[in-house]
Amino acid sequence: MKSGRLLDAGEIRRAVTRIAHEILERNKGAGGLVLVGISARGDDLARRLAVEIERIEGAKLSVGVLDITFYRDDIGMRAEAPEVHETRIDFDITGKTVVLVDDVLFTGRTIRAAMDALVDFGRPISMLLAVLVDRGHRELPIRADFVGKNVPTRKDESVRVALEEVDGEDAVYVEEPGPGAERRVGREKNE
Amino acid sequence: MNKHLLSINDVSAEDVVRILDTAESFREVGTRVIKKVPALRGRTVVNLFYENSTRTRISFELAAKRLSADVINFSTSGSSVAKGESLKDTALTLQAMGADAIVIRHSSSGSPYTLTKWVRGSVLNAGDGTHEHPTQALLDLYTIREKVGRFEGLRAAIVGDVLHSRVARSLSFGLVKMGADVTLVGPPTLIPPDAPAWGVQVSHDIDGVLPKLDVCYMLRVQRERQRQQYFPSVREYSRLFGLTRERVGMLPEGCLIMHPGPMNRGVEIESDVADLPQAVIEEQVTNGIAVRMSLLYLMLGGSSERSGDE
Amino acid sequence: MSERTLFRGARVVDPASGRDGVADVLVSDGAIAAVGEEAPSRGASVFGCEGLILAPGLVDLHAHLREPGREDKETVETGSRAAAVGGYTAVAAMANTDPVADNTAVIEEVRSLAARAGLCDVLPVGAITKDLAGEEMAELGEMAHAGVRIFSDDGRCVSTSRVLRNALRYARAFDVVIAEHCEDASLAEGAQMHEGLHSHTLGLAGAPPEAEEIIVFRDLSLARETGGRLHLCHLSAAGSVELVRRAKAAGVRVTAEVTPHHLVFTAEDLVTYDTNYKVNPPLRTQEDREALRAAVADGTIDAIATDHAPHAVEEKEAEFDQSPPGTIGLETALAAVLTHLVEPGILSLPRAIEAMSTAPARILGPAGQGGPIEPGRPANLVVFDPAMAWVVEPPFASKSRNSAFLGTTLRGKVIHTMYRGDLVVADRKAQR
């Protein structure tokens, strides 16, 4: 598999900082904001955003992690039931502005599932979407409000985000499929 | 995972870990305001209960509904089952209704196996005669893991009428599979002589076993068994094998007291013992829904006939 | 029928005469006309039998033909046809019909049904006690004078020792056999299978081998004491075999039989709750099976009998504990014995034929069955291919399909069955 690096650690750090500023600008401050990161890696990014926002604005935001497996639209299509990870949102989202955070925005199906999951938790005033990488090829009418980097890709390529917390380094790679390789759909998410 | 869950031996140790881990997520769902996820939307789960069991049936029903599946209940009161329709004819009717999963509880050992011959969906054994009750064992394993944190080397005793207990079989097999140390305790007439072939020990002296336990699992002993002369009197049975206040005092600190319910207070367990904090009997019930959701999700969440695009 | 049939070039295995070698067999007017090298073929239908075995027609000491009473499961006619397809020219029909064969009227009815079918001899077995209730002796003498040679309450055990003792003594006057189904009712109560590791794992009530052995001991003691002729049906336990061996050594007039399924299967085969393995007495352990096999080989067990027990499809499809015990066996017995006992060298072919034809015929008494294949004797013969493989599956000649061998592949196929000179099965097909 050929592999190219799209973002290095420094670029990721600056992107997170910029997104934090953009969120605060858009929301005119930190009032009513909560962050929900989509497992996996979206939650690590959400935590980083919370740290940045606290540094910039002094406000400590609630951060939740959401696993969208139960809301996927392709349950029953794979050989095995998809593996489930932790969901923890132990604050009320009703009346709040929820910023959904994910690492890669691709087909939009993950975000669609996340929105459906969130409305079962309560009724936010509004939802915003922040992603580290937008790689195009939307299959649903979903768009991100805050984007770290727009990266045009071929549909059969895969984008892999590595984060210090999980993978020991910060980087974003694009990988070409090897001969005979199936289109990767990422780690158990439908993107 | 296996297509059917007829016996605890249908799942490997890895499967058990997966089932229990997934049950954690479903327990979280139970804490939400909307205790429902769309994971099994459009699937049909049938509860085929030939034996009355409000507790287990409701547990399965809630589990299926919280997964957004459609639920059909066939129970002994008020359906063709009561009119004496054969198991086969009932199965074919359910098959025609497109049941994706059939949860069956029946008084004849082996009936879930028989059912698999006539239906295409998954069959889950909710208790068959004196054979097995694998979902009960799984939820007991969940409770144990939650409270004690491990299985390897865990010292467990299962006390009472093992011979007639489907719970005892499933739990013994399950605990042994996960590396625990299991001792069956009871009068010789109620413990199968071949039990050591299951990988367990046997003892007829409860007082010798209690001081070295992490889990004390009391089985229900029916008064019927006295009539069948497996022991001379209920009084003698509870004196020799009942969990009394004194015996609880002999248990190590932190030892769990468990019972599959419903209890025969005064026979296998003294009434006030059941209400002690070490007795996690109520929690066994709560965890049941999460574990059953986990099973339904893992068994139906993969493709059966459909081939998906990846 | 002045028909002549020539079976050319078969290996003739005839324990009654000691013959085992290639020979031609000529049949004329219902009887053996000649046996030997190059018998004349003038005017005869010739069947080339190179590579095939020719033996005396098989004789089954133990079958349930269900008529009168449960004609839905089997009739004398369909049972006879199943027998013929399986190479049998004589079948003893057990008395647990409805009404019970405890009087000459039922005996005569079964006999006339068999004669009308004309496919094999059906020898009705008379009940030992009235209505199989185990209390009062049935009219053994009258039935004996009507030609009944074996009496049995099979299905049930005669549980009151005094009753069995009287029957054994009384029966001496008629030189008939009392055949017992040995089962202690209280030990076997509610049993679904053999009691052991498997019954405990499967959650099914079991019967220990003692349920059979205790009654075997009792019956042998009574046979010794009374001097009566005792036959023990479908033995299943090693302990029973040992008791019979000692009793025979002591001169007790006892014979014994075992079924093909007890020689092949064990309790372990029940792990899938397949009701076709639910039989009474139950399939037991490997040790029991080995003891039974050795006993057939050394003659402690005289005969192999099918205990052919047809049951309706819906009965066998019910829950395991609701399902009646029993397996059909007439059509598979020979192949099962060839595949599982002769092929692996546990039994020699002549011993197998002896156990399935010669010895049962001897127990039944003179009836023109079991050989020897000699001029003048009635032509009751079976010709089979010992190597031909086939899968046991419906359609069966029997009305029922509850076979323990269902779905398995057996080697050994009956090609021709000749009943009193009449070719009732030709080229593997029943002729009527």
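Order of writing sets the labels: A, B and C. Residues in every chain begin at 1.
In this section, contacts are C-beta pairs under 8 Å (C-beta built on N, C-alpha and C of every residue); 3 or more make two chains touch, one makes a residue touch a chain.
No experiment lies behind these values; they were computed from the predicted model shown.
Of all chains, C has its CA centroid at the greatest distance from the CA centroid of chain A. Central chain (C-alpha centroid nearest the global protein C-alpha centroid): B. With centres defined as mean CA coordinates, chain C is found 45 Å away from chain B. Rounded to a whole number, the gap between the C-alpha centres of chain A and chain B is 40 angstrom. As a whole-number value, the distance joining the C-alpha centres of chain A and chain C reads 76 Å. Residue numbers of chain B whose C-beta contacts span two or more other chains: none are found.
Of all residues in chain B, only 86-88, 106, 108-111, 113-114, 128-132, 163, 166, 169, 192, 194-195, 197-198 touch chain C in the complex they form. Those residues of chain C that touch chain B in the shared complex are 196-197, 200-204, 272-273, 314, 317-322. Residues of chain A touching chain B in their complex: 67, 69-72, 74-88, 116-117, 120-122, 182-183, 185. Chain contact summary for the complex, chain B toward chain A: residues 1, 18, 21-22, 24-25, 28-29, 32-34, 36-40, 43, 67, 297-304, 306, 308-310.
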